[in-house]
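The structure appears below as structure tokens.
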Amino acid sequence: MSFNSISEFLTMGGHGLYVWLSYGLGLVVILANLIVPLQAGKRLRVQLTRRLLREKQGS
Amino acid sequence: MSDKKWMPRWFYQLASPRWCYQICGKLLPWFTALALGLLIGGTIWALVFAPADYQQGNSFRIIYLHVPSAILAQSCYMLMAIAGAIGLIWKMKVADMVAKSCAPIGASLAVLALLTGAIWGKPTWGSWWVWDARLTSMLILFFLYLGVMALNSAIESESTAAQATAVLALVGLVNIPIIKYSVEWWNTLHQPATFKLTEKPAMPVEMWLPLLVMVIGFYAFFAVTLMMRLRNEILRRERRAGWVKELLLSKSAV
Amino acid sequence: MSGPMLQVENLFCERDDRVLFDGLGFSVDAGEIVQIEGANGSGKTTLLRILSGLSRNYEGEIYWRGEPIERVRDQFRRELLYFGHQPGVKALLTPEENLRWYCALHPALDASRVSEALEQVGLRGFEDVPCHSLSAGQHRRVSLARLYLSDAPLWILDEPFTAIDKRGVAAKEALIGRHIARGGSVILTTHQDLQGSSAVRAINLDRQGGT
Amino acid sequence: MADLLTNAAAEQAQIGPGGLFMATLRRDLLLSLRRKSELVNPLIFFLMVITLFPLGVSPEPGFLAQLAPGALWVAALLATLLSMDALFRTDYDDGSLEQLLLSPQPLFIVVLAKVLAHWMLSGLALTLVAPVIAVMLFLPAEGMPGLMLSLLIGTPTLSLVGAIGAALTVGLKRGGVLISLLVLPLYIPVLIFGTSAVQAAVTGLPLGGYLALLGALLALGLALAPLAIGAALRISVSG
């Protein structure tokens, strides 16, 4: 453990802004890379299923 | 396609989108657990337990995001180019889909590497951006990704787009070492390197061990997001195949 | 006798989410004319581009003189004359310059016969006029002159009769007839009926489409 | 009947690959010469971009002299890029490209001839007018040989790499902007070594090393680019 208190951990010895900004961005990129394909997959399945059912009724 | 016989069995199976879709589905939970464990554990280790750098202080902790994302952005480009080449030579659809799925992931990782580099630069150099050799070549790598994605979306026919993108990715692959060399050499010519971001003489174990954990965690995470995109891509491209129709209808019936 | 010149097996092609043909198979023998029929958008041009080797977006097998076509690509190109939608004529060059470059592309052609070929398509006297000042029909005939130059056994012709007057069409048909008589074969698409040629075999693409 | 079937294959090549190379070079040069505007457009563009620097930055001679190597190289690079789109486009539009791809002759010969023709009318022409424009930017006279030599060795690589982009986008209706996006990152090494050579020449340092590096890039480009261009053309036409 390299910090003695929570506030010390949060300020990061004056570099808190930079460190937390970086890790925040890291979290955003990682989450985006999970959420985007997940959402796209859901939308795709719905779209394909709908089309399939439509074709079935049509024929 | 008649001279496929010499290829090993797994390679042949990999060429089947259906098999690939299923194996990705089976592997996904494992990789997700691995990635989550490594990334969370690594982050706590990096933020709380790793010692601060004697020169840069706590801003040094950005390395645990910057370096893994930079490494991944490059590995991802390599995978994209190799998968593109396989798709080009053996007309393997799955390889084309892998290549296409790689591009946006790699681009986002390059962005992360650039942003963390810039943020790190502020306390270290006193300015948000410095034409440091590594940052510059990462920026160019990002441009290469943009080119690949732009070309892929500009061509309507999917197989043509995949082939054209593969050629471009391969040309880029040949150029990456040249670009890297020229930028590094240009950088040393213009500003004698006083303080490089990531090159530290002999990092102590308690510093690089969490870095290793983060790098492996990023690779696992990359596998997760790649497989998710790949599965979507397989469904989309194979939408008229019988197995996809069955799969969709069985899901919608429930 | 040896087998067919060109053989197509199990050809599958889709464009823009639409299956153009699936399981298409036919063969072309020496001395035969094959006419590809079908409505607009049925994939006539696509099929010709696949057969000529321009388009590789297909699945299935194509054999040239019994060999898979990927193996004998160079040989095949030497024996092919392709006449596409675009005439392949540079508007800024004269008819003669156009044909001479074509001869450079196909080393088997005799460049000294260029003026003779131009005469046969009625372009005598236009040798040094840039093609952009020729009429549309004349422009097209520059490209047709390649048929007089060529010794290639297989001709693939995409709409060869558009923008040509009646007399030109007759001359063209005679030319095709002569080619057939020499043992060559022709695969073509056209909106016109071929007259006087007995060996025409039709392949209709409308019945091929899956959806 | 039998002789027609075997004739074409057995016949000796009358025009070899060398002949095709010359014929294509001649044809492309002739085409450009007949369309005069295309011939001078890159040069005018080059001149105009250079004019922008004093107007946009500062007309002060000392400052311009410092800026000159980079400005000249960037302008040359953009001028080359500008003319790149036309390299295969007209051939694609009128069907010549199809005929070219169906030739039994090796494709890289035609490709090399076309790139050479393009370079002669862009890179080589730029190299020849560069000294005149360099004077306007107060580039010291010592820098001229470096400028000329680096442009002479560097611009062919620009044409070769640019042709890959042109071949990849030839099937698209609007390829112009896309080419820049694809090709500009790949131009960076040439830009770096080219500018360095000029700067070295200005300051009196030996410039052989930079020229050797540019030469190495050119050799690599000559060996690999025609393959990529050929593959890209086949893919674009196939689509």
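Per-chain residue numbering starts at 1, and chain names A, B, C and D are given in the order in which the chains are listed.
Quick note on the criterion: a residue touches a chain if its C-beta (ideal position, glycine included) is under 8 Å from a C-beta of that chain, and two chains touch if they have at least 3 such contacts.
Quick caveat: nothing in here was measured; it's all calculated off a predicted structure.
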Which of B-D and C-D has more C-beta contact pairs: C-D
Most central chain, judged by mean C-alpha position against the global CA mean: D
Interchain centroid distance [CA atoms averaged], chain C/chain D, Å: 34
Cα-centroid distance, chain B relative to chain D, in whole angstrom: 32
Distance between chain centroids, defined by C-alpha means - chain A, chain B (Å): 16
Interchain centroid distance [CA atoms averaged], chain A/chain C, Å: 55
Touching two or more other chains - residues of chain C: 57
Multi-chain contact sites of chain D, meaning residues that touch two or more partners: 238-239
Junction residues of chain B, two or more chains touched: 156-157, 159-160
Contact footprint of chain C on chain B as seen in their complex: 2, 156-157, 159-160
Chain D partner contacts - residues on chain C that touch it in the complex: 30-31, 52-57, 74-75, 77-80, 82, 84-93, 97, 100-111, 130, 151-153, 181-184
Residues of chain D defined as touching chain C within the complex: 1-2, 4-5, 7-9, 11, 13-16, 19-20, 23-24, 27, 30-31, 34-35, 90, 93-96, 98-105, 110, 234, 237-239
Chain C residues within the chain B interface of the complex: 15-16, 57, 68
In the complex with chain B, residue positions of chain A that touch it: 1-3, 9, 12-16, 18-19, 21-23, 25-26, 29-30, 32-34, 36-38, 40-41, 44-45, 48-49, 51-53
